[in-house]
Amino acid sequence: MKQPEISKDLFNHLVDLAALQLNQQESDYIFLQLNHQLSAIQELKAIDIDPDVPIALHGVPYPVKRSPALRPDKVESCEDSSAILSEAPQLEDGYIVVPDIPHTTLE
Amino acid sequence: MMNYEVIIGLETHIQLNTASKIFCSCKADSWEDAPNSNICPVCTGLPGVLPVLNKKVVEKAVFLAEAMRAEIQPTSYFDRKNYFYPDLPKGYQISQFDQPIAVGGFLDLPIPSSADPQGIGYLRRVRIHKLHIEEDAGKTKNDGEKRLVDFNRCGVPLVEMVTEPDLRSADEAAQYLIRLRQLLRWLGISAADMERGNLRCDANVSIRISGTSALNEKTEIKNVNSIDGVRDAIRVEVERQTREVKAGRAIKAWTLDWDKDAGVLRKMRSKETEADYRYFREPDLLPLRISSKWKSEILQDFPECPLERRSRFMSEYGLPEYDADILTLERGFSDYFEETAKQYAGPLKKVSNWMMNDVMRMVSENDLDPMEMHLTPKFLAELIALVDAGTINISTGKSLLDTIRQTGKSPTSLVESRGLAQVSDAGVIQKMCQQIVADHPDEVAAYQAGKTSLVGWFVGQVMRASKGKADASKAKEILQEILKQ
Amino acid sequence: MEICNLSALEIRDLITSKQVSAEEVLKAHLKRIDQVDGRPGKINGKAISLEDKKKVHAFITRTEKKAFSQAKAVDEKIANGEYPGILAGVPVTVKDIFCVKDTLSTAASRILANFKAPYTATPVARMENQGSVMLGKVNLDEFTYGSSNESSAYQPSPRNPWNTERVPGGSSGGSTASVAAGEAPISLGTDTAGSIRQPAAFCGVVGLKPTYGRVSRYGLIAFGSSLDCPGPIARNAQDAALMLQAIAGLDSRDATTANFPVPNYLAAIKKDIRGKRIGLSPDYFRIAFPDADSDTYDQQEVPPAIRDAVLQAAAVYQDLGAHIVEDVPMPNTRFGIPVYFVISRVEAASNLHRFDGVKYGYRTQEVNGELKTLYRRSRGKGFGLQPKLRILMGMYVSAAQYSEQYYRRALRVRTMIRRDFEHVFDPNGDYRLDALLTPTTPSTAFPMQDVYGNSVLMQYADQLTVPANHAGIPGISFPGGLDKDNMPIGVQLLGPDFREDTILQLTHAYEQATLRADWRSNRPQVMEELPHNDEL
């Protein structure tokens, strides 16, 4: 394999940004696969794109008449919000509990 | 001695007062509610949910953009701003990044003499960089080593408005917020109560040597929840930066948290200063298209804005700045004045006086909506005209205000039915005065001995005897005549 | 009669005409499941046995209680003369990527292993409203990331009913396997790069990817928001049409659903195809075969068996009076996978941000008082390899400094792919096609574990299906024969926006014309082994 495009440092930074934790095996595998995939997408760089080809966020166009209307400003409460809360791993007095984020103070 | 100039830019987040949230049908206002009681799958970012844009949010944002003279874009886009934080259930905020709903605009901010170091008062033009629509996050609070998360506020619609760094003092910043708050309430798009988080402000502050034009590193002050707080926090930061610069140290781009109880700023470990938000177009929403047809429909109800009306009251109505300020503070009160002015033929300063004193007192004491009162603009105009014509005296007029408000009867009909017409017949007053003088020889003697201020007391007696209906100035004239002898 | 071999339409008509009850139909299918499925996939399931290897393992969660109450409700309605819906009593399986209220909705991931959805996805709700009976949630590649169903955290993962040593395809492997094995006549799957069509081809069933925006995505645990399409899997075109009828249409909960009328598909598919213009493109008969070691791409011809199946279908169409248009250029087809690597990963990484252990799903117990640890450990333990791979790729190509070069560039190439289709489907253009006829996959079902591990090679399984996802157009795969190993070959039709009616019609016409084909008398391996006195 030729020179990897993503360096180990950048890889570790991405893992950090993605709030992930990898064991050594996963790390090795993913690092390899990422660089393989990047080779696969090198083709993209080489394509000659006409300057006025716009981006397509969706493949199908959404002309005005085919677009759904915006939502009217009406309140409809959720039938069962307690069901949502019952999925929370840790609750206290209706709040969802997480550990704190340390703040550092200045001056 | 170096003179330093203060450069301030403000970023405000304005909660819109729509009925429902921006992307779901939960209600928008849940300030009083128990935690996590105003939630649904969409605003809590459950797997599989999708956002659907509330039409009213766009309409209110258009109102604000128009008021700030910003350019409303016919097409704008939503983007995802990706980062991790417990109050952000989806792990991204739906916002607008590079193509927001409106760009540009300005506000000509009147700085009163009280806020001007030179004591004169002046106009500061504050340019707007852009306005965009986004969703609010939830709230977290500290509990020892834990953080408690409440999602009630997730999805409340926000307009973020960013100024250019055009403000030059903490006072100017405060004035901007005062005027913005006034405008938001005037337009009916936000309750704009900083203490309730309807209006939030981050301040970007830097200093530079006066006369230079480059911008230096700025710090960002967050978490201030009052206008006074903004003023104080900026002052503290300016002092700090000045100290640092004078000591030869560089200013770093910190994010600072204002502790209002201690009156100090603390450096925040920024959520994600290293974070790259990786903005990309929100694929779950279509581009926001505002046709000129829709725009004119929305703006059909667009009102005259407070600062414009304030200017007009001074130029067109010839009212002094003080009056114009008070009469354009609050929309209902201002519209009431306008209505009364239309129905009153005399000098508008008179109406202004009535409004600023008696009417305002009545409105605030009784917590009234001026336009809903039984004391209608028509009735007020009528009442003032009756006083002008001498049909009733001014104190009768003032006392009638409340009666009209409570009964809803016209001033004219009340004057008639209660026989309140002013007694202005000179003969009748003469008789009354003579009687009073005859009844109070001690006071007469005192007056004639030189205590001329007693005339007021005599007038008061005449008023009492006439049950308030005597023409007070006539009575005074006549009394002075009689007492001369 | 063997109820489980009947079509959905036949089953429904038997029920509504009271010849059989919904409950009896349900029992028959439960029996079939017991016979062929083996144990359902589980997290940390025990090692796979020889016995396991002979079974289908389509399910993650079986919902029998719910199914019985639904079947009962249908029978009651019919008894009372009330309208029971177009899917009255029809058993369905649902890919476990859809949220169903009060039911475990796992996305085949450890991170949602304990998640009971508090709401039901729109397509599922619409089927329920039409009287369907849900047998359970079926297995898939974790978060739909894969083309073989092997990446599921729930093992054993589904096996191909035609040969249980082979993969069923993915990511809707559980859906297609359950339908192929007669466990249900129809299944609700999703297609993001071919995840309905490719496993449909591998399992010898019909799989339809509707036009993007035709079916609501509300309740579909998102992978590629601009690519995901819920769609029907069935054993014939008519059943696919029936199911599409139930689920298609505008949804006020999905701002990307199209405000476009839903035609009567069942009526449409019976129409004559005479005069229809069907294109063949050389760009779909060449496949890129990535070489892991050299990172180069060999261009190969599609295997002869697959090519022949497509050409035979063309001949059938020609006999029926359609015009076959050859040499249709689709020059940007080969960029489909590279573009997909970029767009889908950016969207996936963002869509997976919400799985942070805070408000639902798996949360690590070892937290040591730090929020960051909570995130990392929960996501680290909860996500399998494939989600992690996609997240990291997504983070990379959308990072500020690379975004223009990768993400925005990919979105522009997407336009070019879209324009290929617009060009050939243009009613005033050079080709004026009603549909494009292509192979569905570059191979038939490969053996389990053969490809898994090579992420690039695995992705390339989708190279003939993914262009339709980029363009948003509808596509269908239907069985077009068997190869020499008795494995199904899929044939694909791609059509213009919202012309599901046309491609269903063409599929139906092909089915009717080939009813007596030899290969149609072959059955999947797991069904060969069913006892013969297996009867209602």
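Letters A, B and C name the chains as they come in the text, with residue numbers starting at 1 for each one.
Convention: a residue touches a chain if its C-beta (ideal position, glycine included) is under 8 Å from a C-beta of that chain, and two chains touch if they have at least 3 such contacts.
Fair warning: this is a prediction, and the values are worked out from it, not measured in the lab.
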Query raised in the report: Are the chains arranged, by touching, as a line, ring, star, complete graph, or other?
Result: complete
Requested in this report: Please list the single chain whose C-alpha centre lies closest to the global protein C-alpha centre.
Outcome: A
Query raised in the report: Which pair, B-C or A-C, has more C-beta contacts?
Result: A-C
**Report entry** Distance from chain B to chain A - Cα centre to Cα centre, in angstrom
**Finding:** 41
Report summary line: Between the Cα centroids of chain B and chain C the separation in whole angstrom comes to 57
Query raised in the report: How many Å are there between the centre of chain A and the centre of chain C, using C-alpha atoms for each centre?
Result: 23
Report task. Could you check chain B for residues that touch two or more other chains and list them? Result -> 41, 44, 46, 52-53, 84, 86, 145, 147, 149, 151, 276, 283, 286
Query - Contacts with 2+ other chains: residues of chain C - result: 115, 118, 226, 252, 255-256, 349, 356, 358-360, 369, 371, 375, 395, 399
Query - Shared-contact residues (touching 2 or more other chains) in chain A - result: 17, 19, 55, 57-58, 62, 67, 69, 71, 84, 96, 98-102
Query - Partner chain C, residues of chain A touching it in the complex - result: 1-2, 6, 10-11, 14-15, 17-22, 26, 29-30, 33-34, 36-45, 47, 49, 53-60, 62, 65-69, 71, 80, 83-84, 86-90, 96, 98-102
**Report entry** chain B residues touching chain A - in the complex, by the definition given at the top
**Finding:** 18-20, 25-27, 34-41, 44, 46, 52-58, 84, 86, 142-151, 240, 254, 256-257, 264-269, 274-276, 281, 283, 286-287, 289
Query - Residue ranges of chain C touching chain B (in the complex, touch as defined) - result: 98-99, 105, 107, 112, 115, 117-119, 121, 217-222, 225-226, 252-256, 346-347, 349-350, 352-356, 358-360, 369, 371, 375, 395, 398-400, 403, 407
Query raised in the report: Considering the complex alone, what residue numbers of chain B touch chain C?
Result: 41, 44-53, 80, 82, 84, 86, 89-92, 145, 147, 149, 151, 276, 278, 280, 283-286
Requested in this report: Sort out for me which residues of chain C touch chain A in the complex.
Outcome: 102, 115-116, 118, 211-213, 226, 250, 252, 255-260, 290, 292-293, 295, 334-335, 337-339, 341-342, 349, 356-361, 363, 367, 369-377, 379-381, 383, 385, 388-389, 391-393, 395-397, 399, 405-406, 408-418, 455-456, 459, 469-473, 497
